[in-house]
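Note sheet for the following structure.
The first chain written gets the first letter, and so on, giving A, B, C and D; residue counts start at 1 in each chain.
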Amino acid sequence: MSRELRLPSLGADMDAGTLVEWRVRPGSRVRKGEVMALVETDKGIIDLECFEDSTVERLLVEPGTRVAVGTALALLAGEAAPATQVGSGAEVTAPAVRASPAARVRARVLGVALEGLAGTGLGGAVTLEDVERVARTAAAVPVAGKAAGLRAAIAAAMSRSKREIPHYYVQLTIDFGPAAAWLGAYNAHRPPLERLLPAVLLLKATATAAREFPAFNGFYTAQGFESAAVVNLGVAIALRGGGVVAPALLDADRKPLAQLMPELQGLVERARRGHLRSGEAASATLTVTSLGEEGADAVLPVIHPPQVAMIGFGSVLERPWVVDGRIEVRPVLGASLAADHRVTDGRQGAQFLARIRDGLSKPEAL
Amino acid sequence: MTGSLESRVLALLTEVAPDVDAALVLPDVDFREQFDFDSMDVYNFAVAIHRALGIDVPERDYRELSSLSRCVAYLERARIARTSSSST
Amino acid sequence: MSEARTTTTYREALREALRAALRADERVFLMGEDVGRYGGSFAVSKGLLAEFGEERVRDTPLSESAFVGAGIGAALGGLRPIVEIMTCNFSLLALDQILNNAATLCHMSGGQFPVPLVIRMSTGAGRQLAAQHSHSFEGWYAHIPGLRILAPATLADARGMLGSALHCPDPVLIFEHIALLTLEGELAAEAGDVDIRHAAVRRTGRDITVVTYGASLHKCLEAASELGREGIELEVIDLRTLRPLDDETIMGSVRRTHRLLVVDEGWRSGSLAAEVGMRAVEQAFFELDAPIARVCTEEVPVPYPRHLEDAALPSVARIAAEARRLVSRVP
Amino acid sequence: MSGAGEAPVVRERALELLRGMLRIRQFEDRCAQLYGEQKIRGFLHLYNGQEAVATGVMECLGPEDSIVATYREHGHAIARGIPMTTLMAEMYGKREGVSRGRGGSMHLFDAATRFYGGNAIVAGGLPMAVGLALANRLARRSGIAVCFFGEGAAAEGEFHESLNLAALWHLPVLFVCENNLYAMGTALARSQATTDIAVRARTYTLEAQAVDGMDVLAVAAATRRAVASLRAGGGPVLLECRTYRFRAHSMFDAQLYREREEVEAWRERGPLISFTRRIKAAGLITEDDFQRLQAEAEAEVDAAVVFAESGEWEPVEDLGRFVYAETGA
């Protein structure tokens, strides 16, 4: 029984992708987890993984072809169910970049993003020469081009979010003292490679809480809300030159801190190289954004559809804090929750944030 | 040996952030300002310094890694400190 | 070691080719309307009747279907006939024989009856001959499997294609452009058979591949000289053989220039130019850096007055303008 | 039973002519049956009723002569001596067919017997026959070209062009017009101003004669005279053989254009019936002879069907073969 490998939707903001390269050929036996193809999306090149052991019968799409989500890319033989998440199969409605076929091929080879590139050819089409000129000039230019495409993707997804999701917000300031003390002690005796970043604690505390509050962890689709069986925690990662992507740390609630740290490190690196794996690019069930050292008190996030909640952490700042009736200087952290009112209400949101706070107060238990 | 240390630090910097052009790094401007360095970059930078130069920068000194000149000066001191301690 | 060269014309080269063919092979004979006494309506066969006699230079009645069919029969009977059809317009009266017999018999008989027939006809406009004598039907004939279609555009090809065609076991149609008859130039005294399988790159250039044939070749070369002074370099390909098409030479050039302009004196719709363009899409799509462009004859019966005829036909100015457009840049 | 200067009708010749016509009749009847069984497809034009023409003409030809026929040419191919096996395989479209299956019923070709087809364009073969004769003339060969066509072809320009050209160049062509009265469904009188084909041929200075096409001996006698004239260097000759087709034009034809009575009347004087009656009456053959020939013809057709059935299909990979000659330059 052959079945189709379709272009999966790797995010709510993805409705098409360009097949860059096949890593398999007809007749290839592929094992679960093996990379079958590279697909270029607005968020960079993503590895298309095989989810079941299969044999490739036929490749249906030529490299260089831009196809809609849900398009069959290859025929696979094997007993298993379809290899990847199947998208809607909707037509690409976004206007295509006007570029000559030769320019498209060269752009792929040179790693130049066509989006946002000013074409000088007939009808304003991007030509070979345009691509080569861009490739010759500083690397900053294609990044800017790429960033423009990413910006467009973010714009589309966030607009949809604000259009469709009735957001509500809950805020809570958390005493980060216990966590900071624990972390300082933990890192003090370890070489740089084994140290933890504060972000790991925030992620783990959130993931653990999410397991107890499944109404914030899942997807809202045409069929309504369905909570996820796992906690794949999306991490908003800022890209240099602008833009943000939010790939997932898979099963974040089940992994010890010492494992989460290198996974987070790898995730950031892949995101910034524009080379995320398909399994992590689109699977987040709940997302966290952390502003780190930027000095903001708090951040009110916009939910990534089809998720139903997002946690935002401001910077850890020293602030006066009342302890046992006295004012002390403490490192504090502004935590915010944006959540989907179609699924939960503010009271539940406050409980969810409180549970995160509790987790951070006992970091040794994380 | 400063020149050599500086070029090694620059190499580590571009390893951590491949999109940084070593020729364009301003020595006295904070990395955060120049190329959006964040805590993960600092972490990676510290890991790379440890691996390549054998210098373990403690977490409390991470702020010393915030610009090229500051970083080179810090690592220079750290090397001297290490050499002298090992020679005694 | 310089070879001897003589000054000649396209018309003389065609005649020399006929003379050489009649001399070389007893089986060869020429027949057609006014090829004998009259000397050929375009004087191509002038003098051949006196040299070879009435049996081998045969004037025919105005019966295109009969004498083309007779040519097919004679070819089946072991001879090597050269049939001249005065102009390609009249060839329509023999289309049944060309399409249903010449092109078909070999296949239909399971390979038993190849038809080694050569049909020469004049083609093209540019002499104010109006709508019924200005056609370019070579593209139509190039549609037909079983035929080989040649279009000599140079003196060497006018001299050499006939002999090569006679050595070919298949029906070969040679389209001689009336506007080229007076083309003058030098030809090697030793000139003879030429390759009839490949297109020729008549001028190299890096910017645009211009595919053409027949009289349009010379317009393209003129446009190329003009554009060369502006820094636009055309690579001009003379198809020479319109069926089967030499894809390799065309695509090889398109892969270098990434732009294709096809110049064809036939009407645009369903033209040979359309075929060349479509093949480029099929075979070199990802090499194209600009839309494929065509310069063809306007879709009107070719009119009589000079200015209207000029406006209808591909011209140096139209070719140059189209080429400029292809490499133009928007600010 | 012989006319002046005519070949005598002895028992052997009578048997041979009868055998020839019976073989065609049996073959055609089997083709009709196989068509119904969908073994044969495409257009199928049967020769029933016209057997005397092909049989009578072919009797007078030699291997050096060239034949050009029409789309109703099974009879000519059989009479010319092409084996029934390869003909039937061609009906099936098998690669063992005379044209490797590429031609089918309307396009039988055989180089060995100089059989130049099977032409499905009315009058399309006439110019070719002129050319074949021209080749013989220029190559100083003794062969003549024989061209069969129906009376419908006389309305085509190619008929006139070809007769004129052959006469003008004094070429050895025997034009055999099989006038079966109907061009598909259009009666001769309804489509041509001059219904006497021979008269029209004479205007081009051809020797022309009308013959009873239902009488194999008359056809043979006229042909023998014509061939002798052509071989002696005479100009082209036209024989108008007045005949009738018993079956429909092709298989899917309701025959609205003619009366059943007319068909029955012609059948009564059909070439097989009349010839058999004559030679029996003359004591040249017996009913046993007839039955034996009939059985032999039937057995030959059976064998041809077995041959065709066991043939192979040309592999699809060979689709593009023979579009151009494979013999090389």
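As a convention for this text, a residue touches a chain if its C-beta (ideal position, glycine included) is under 8 Å from a C-beta of that chain, and two chains touch if they have at least 3 such contacts.
Predicted model only: the values in this text are computed from it and were never measured.
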CA centroid of chain A to CA centroid of chain C, Å: 62
Chain centre separation (chain B, chain D; CA means) in Å: 101
Between chain A and chain B, centroid-to-centroid distance (C-alpha), Å: 30
Between chain D and chain C, distance of the C-alpha-averaged centres to the nearest whole Å: 41
Chain contact topology (line, ring, star, complete or other): line
In contact (per the touch rule at the top): chain pairs: A-B, A-C, C-D
Touching residues on chain A, where the partner in the complex is chain B: 138-139, 143, 184, 187-188, 191-193, 195, 197-199, 238, 240-241, 264-265, 268-269, 272-273, 292-293
Of chain C, residues touching chain A in the complex: 258, 285-291, 325-326, 328-331
Touch list for chain D against partner chain C, complex: 66, 68, 97-103, 107, 109-111, 116-121, 124, 126-136, 138-139, 145, 157-158, 161-162, 164-165, 168-169, 321-329
Partner chain D, residues of chain C touching it in the complex: 27, 29, 55, 58, 60-61, 63, 65-79, 81, 96-97, 100-101, 105-114, 116, 145-146, 148, 167-170
Chain A-facing residues of chain B, complex: 17-19, 21, 32, 35-36, 38-40, 43-44, 46-47, 49-51, 56-59
